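Structures follow.
Both complexes shown next keep chain A, but they swap its partner, so chain B is in the first and chain C is in the second.
Let's look at the complex of A and B:
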């Protein structure tokens, strides 16, 4: 049984395998889904064919789809003028609409803009479907109508849609999604179910095989749609006093829900895809996308099936608050489902929560039962109309409309493009470009250093990744918090490049710089006498003295044992307190020995 | 095309009524003439439609005018809004006096149950403020100092807003509905909140938690003279008729002279229907013309704030002060609304009145049919083109409305979970059981029934079958109107109700759903299409109860609609309700004046 579990964990090419327990009247002791040392590992990175199953082994295909909620980085909420702020005092940022007081309608303050919307007749008529050309011609019934919506939120969604290769719907609609929950004061959420703002996109992401940075593959997940919607409030459960406290500060904040097709098959793929999305959102500035602060929330839909059979019943895993836990939660869930099925059980279409302490998923009690969200068009919001260069009416004030083409032209370089540019421009390895982009500000730091030094970028990257980054990580600092600025590091690297200091001395200077005492590398070099001996005659004399004192070694070298030369070099280094250039020392020694 | 409204006589014989209007003649004869004419309508005998000496808006048309001259401030309550506004301006009455007299009348007519909340204190304060403005010579406009009432499904800051439901009993909103705010900003004095069916779901104003509203006409001389108790054992107590609904409280308030105008709401006819039964003007403006912000919704895509007044001119005043874009309601139109005074209709040659044949619905009373026919002839004789038109899909309007209304109700009522506001059950077993108990205790059967069916229609497996289909039908209904108006028709003329007001005891024999389906039949389609429509009180029935006719106009063509309505109003000279209570109060002004003059 343990072996079988191990097999499952080793699944490849999108197929996980496990011995099917035929007629298992007494299943063995239930093992944790991830027995020590057998953690399910991303597997289909190679994307290879399904290995032929050994007899008694039936392969499983896990299917993973993601629904990602990204909080739009905006000063105010989607349909109300309330501010958006993380960790504000509870219920301090709540308008009447946010609290769903009777009679309130989705609106915004005068600081908001209007989107021109058109529909025939009263707004109610829009429920009847798109207007016919004939109706549009009817001047009596044809109106221009202004909808209310936070412009910033719409732009963020359009940017994100474009960055994810989506087609942007020039007309999108809002719907109500109904469910009862303490932090959903209206009893429904305004979302875009029927016609969302963006559809049919894709996201490319890379991941490495077997944790080797050198073996990276690129995969693509299809984006089904991006929809604008309202966030809910927060419920805080006080189990000891058995009460629930509700904070509505978050209620009504604009969200983008990115729905991914079930194109992934393990936790690591999902994690890589989410990481890439996170980078894109942060590059665009459309969301801060910090998972720990709930700005990026990922729900995973997981199912398993045998190859050639229809997809299995899926579960939805929620409460995942880091990318690491996402991978863990998905892999746990895959494993759990396989075990459940192989033990003769069935998978329930249920919502499960990931318990990060226990490392497992558990059914969410309050989300039990099949939910029917009873979607309905939101009658208080006319359609959201966007324009492109072609459809933009000539006399339209551009402040009043959103022009998709205008946004497209101004999209910043996306992470994939940035990486490509880094590789092409600086000749660094692709995997290094990933590391550079993975740390906020590191690529900029790198580029800044490169600009200020004569050292080749290929050498600079070593200092950035091996020295700077590992120091930062050791001290849990961000790039911005680094005590060594790009300017200081460039200075240091220039000293090294000009051969004024040796490599070990440079590391010593770096350590000094890290203390952040405000000294320049040159000052440190002088203070600690780390500069290389620039006087060749002095060096020659030292070399000669070493040769003179080491008769045996000289004999050995002359007899052909070149390895011994290193000992002599070391001795010279010792005498110069490391301030000699080993290459030069070697040359001098060789010259003298051959004389 | 000959205008004919086919009437079914008792014997099943179909005859065409040809009633001509003949200008001139004493005004007082009209009602009697109409009633007398009824039996002979099928025989095609013309009833005399007398031209009035003056329209109500013009001051001297009503008996009140005489008394007013006799004693300053007397009979003030029975005048129109415009007239009383002029009196305030001239100093013939002060806002405080007016307010006190209205409040006193509200107390005397308490048995009507028209008001849920009387905001005596704030009303008097508002009146005082108004008085100061008048003294400074700086009134805010025509509405300054005018006592008004608001249906209790509009939010009013500081004054309870209940929707006649246990769910919101005691609920005090922190904000004013846009329409309420606009009225207050223009100096109106808010007397109180009027009764309705719970959450405006009903057509009788009988299904609220505060009990049914009684039609003031039940206590009128006109009704008492005509109605003969069925048996001697039946006392007057069981002889009262309903107001219609759901804005029955507002209609009763205007009809019984306790306020000069009232706000109602109209989703399927809730303003026009009680207006017809209570003999007042009820205007449902075009969807999108008046803000819904603060109106507790029934069906968002059909709700409009309604206006109830004594005469068409007053409705235009209210419309002018309420219409326009509201950033808080994104379905209001952007275009500026220009308040207007209703011009006199003189040129009939370009006016085309449509008579939709489908409005000759089963159950339409013969006297209303005759009245309708007579009204058509009135226009024809004045020189207007009167044509029969067809709105073939109107007959699906009720069933379509049933699906769309309940679906939106299910959605809109979801917020009443007992957490943020309103009733919360003591049930503490779980959040879900608390929700369930709260909603069971908070809503009546009608509301719960609609929520249940609405949720059924919205279920994933039913959505296409019911909701989407109903939306398509709604489009067909709306397109019917588009076609008719495109064919050159300006205004449609229809009955507002199938009959005059029912006895309460009879009305409650049927359940709310059946009643609503029957009563909304003539008014509902205008909501489907978002069109403006108005009830104009037209005559008294055989029972001495008001009967009204409805005019439906093109979208945003309120001016044209009201122009035609005003002309018609002037022709029919609807009689003034004769109420003992009002007579007493409207003449007893000096007592109040004395106490008020020192404040």
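Let's look at the complex of A and C:
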């Protein structure tokens, strides 16, 4: 188990194996090319399938599919005007509809009868003007259905669908998904199961092949659909008093469910895909996608099978609170299933929860048995109609119209595009731009420094990724919280570039700047006397002094042993307290020794 | 073409009327009745059986597995054979729908299908009625609703005290 866990820790090493001897006369199945549809291709992040059949190893192919719920970043909820806010007094952001009080609908019917009555007779005719009977009915129903689907939520879903290369359904429908739970007061959730708002997309993400981040490979996962749905409330379990406390503040908040096809094979791939989706959502602004605040929830469906055989029974893993835990949970579950099957057991089609403290998955008590969701169309909601440039209706109130093409034109640069631009503009490596975008605010910091310094971007990137980033990580700080601003760093790099300080001195200054005492790099250099000696004469004198004092070494150098020169350079450095430019010192010494 | 509006028939429980609906009930229906298909309710040649008489025979009795499944899902208790019989009669009654020929007719899932869903601006207009909402709650703890600890699944059929047990 330990060996396998170690393998898991190294990342998806391809086909998972158990070193267990099989009975004689049973050769292991050979791995060959398999049709993608059957998903029997051995996933191998390092590229290439690994042949089987050696000493009875039987390969397993893990299959991972993700269901991701992203909370839409909006002011109010999907079907009601209650506020969307993370921490608020319990049940303070709840309308009657969110609490599913009897008689509430995902629409407002305002004063229908009053209006109906007023339509008959002269007053009514004046109200409606001289329009046909059909038009009258349209107007009546318009007033009747003061429908409350949040426009912002629809735009967010369309943006996300476009960013993920989906086809947007111009007509999508709403359904009810029934299940009983205390935080779902209606007993059903309004979702879009049959005809969702977006279908058939793809998400590309990058993985490092080895831990050194020197080789990146791009993978794709297919997006089955994106649907709009309602969030449920929150349950707080009080086991001591054997009760559940329910807060409906979150009930009815708009969610985008992103359903991915099971194209992934390990925790590392899933983590990378989710990270990329998170960056995309944050770039679009359709969701803030912070997992810790429940704005991005991921459930993983995991199964294993032998190549060439049908898919195995899958389990659903829930309660995953971070991307790191996502990878752990999936890898644990894959391993658990392999062990169970190798020991002759079976996998139950169940829901399991990830216990982050123990690092394992456990069956979830509440979700025993297969759920029957009894999907049915939502009868209270008409279809959602979207338009594009071609189908734009002529005289409709444009507050009622969502134009897909208009949204498409205004999409911001996605992370993958931003990365390419950084590489092209600054000549940095793809791995570098990957890291820059992976840290919130780091790319902006980098660009800001580059603008303010003469140092080449290729050198600046080293300072950003090695010095700044490692300090930030050590102290668990975000880029925004950095005590060293881009201005200060640029200042420091300028000193280095102008050769007023040496590279080691610069690192020292950086350490000092990190203390955040408000001093400028120049002040620190002066204080700690870190500036390189600019007086050539003084330097020459010191070099001469060293030469005079090291007769043996001088003789050795003159005899041809160049390595000893380094010792002399070291001595000069000591005498100057590190304030000499080693390159210059070497030149001076060589000149003197050749005289 | 639309599926038949059986509302008035099911309520009244008597045979078809010459007009499918009285005017005040669904005026827009009358407007759309123009392109009538031969198998809409207007056609007086088609007689549907009234409730309680000539019900089509149940194709198969409802199995214990299905009844057990229903008890688990809907948390109803069929209690005794009369309850099950009532269910079977209800299904028979609803099966009358199959008498209507719906070939080529698209199922309707909402009477609002020809309307579009109107969109609302993303403004905060509701909420902040904690006190009112909690008035309905029998138990509350510091402005939270109180519920039992999670779903308590029904014990399996063998362990339940239910009438269905004997009828396997």
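Just so it is clear, the second predicted complex is superposed on the first by the 505 of 595 C-alpha atoms of A that agree within 3 Å, B and C clash if a C-alpha of one lies under 4 Å from a C-alpha of the other, contacts with A are read in each partner's own complex, and residues count from 1 in each chain.
Everything that follows uses one rule, which is that a contact is a pair of C-beta atoms (placed from the backbone, for glycine too) under 8 Å apart; a residue touches a chain by one contact, two chains touch by 3 or more.
Note that the coordinates shown come from a computational prediction; the quantities given were computed from them, not determined experimentally.
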Quiz item: For A:583, is the partner it touches chain B (first), chain C (second), both, or none of the two (neither)?
Solution: neither
Quiz item: Now for A:417: first (chain B), second (chain C), both, or neither, which partner does it touch?
Solution: neither
Quiz item: Looking at the overlay, does A:100 come into contact with chain B only (first), chain C only (second), both, or neither?
Solution: first
Practice problem: Figure out whether A:375 sits in contact with chain B (first) or chain C (second), or with both, or with neither. | Solution: first
Practice problem: Check whether A:247 is in contact with chain B, with chain C, with both or with neither, and answer first, second, both or neither. | Solution: second
Quiz item: So, does A:188 touch the first partner chain B, the second partner chain C, both, or neither?
Solution: first
Quiz item: What is the contact status of A:290 with respect to chain B (first) and chain C (second): first, second, both, or neither?
Solution: neither
Practice problem: Tell me which partner A:477 touches in the superposition: chain B (first), chain C (second), both or neither. | Solution: neither
Quiz item: Given the touch rule stated above, what does A:180 touch, chain B (first), chain C (second), both, or neither?
Solution: both
Quiz item: Of chain B and chain C, which one touches more of chain A's residues?
Solution: C
Quiz item: Taking the two structures together, which residues of chain A meet both chain B and chain C?
Solution: 96, 99, 101, 141, 145-148, 180, 182, 244, 246, 366, 372, 374, 379-382
Quiz item: Which positions of chain A touch chain C when the two form their complex?
Solution: 74-76, 80-83, 89-96, 99, 101, 133-134, 137, 141-142, 145-154, 173, 180-182, 235-239, 242-248, 365-366, 368-369, 372, 374, 377-385, 399-400, 402
Quiz item: Which residues of chain A touch chain B in their complex?
Solution: 96, 99-110, 114, 121-125, 127-129, 135, 138, 140-141, 143-148, 176, 178, 180, 182, 185-188, 244, 246, 366, 372, 374-376, 379-382
Exercise. Provide the residue numbers of chain C that touch chain A in the complex, in ascending order.
Key: 27-28, 31, 69, 72-73, 75, 109-130, 133-134, 136, 141-151, 153
Exercise. Write out the stretch or stretches of chain B touching chain A in their complex.
Key: 154-155, 161, 163, 168, 171, 173-175, 177, 286-288, 292-297, 299-302, 325, 327-331, 333-334, 404, 407-408, 410-411, 413-417, 419-421, 431-432, 435, 455, 458-460, 463, 467, 471-472, 474-475, 478-479, 482, 485-486, 528-530, 554-557
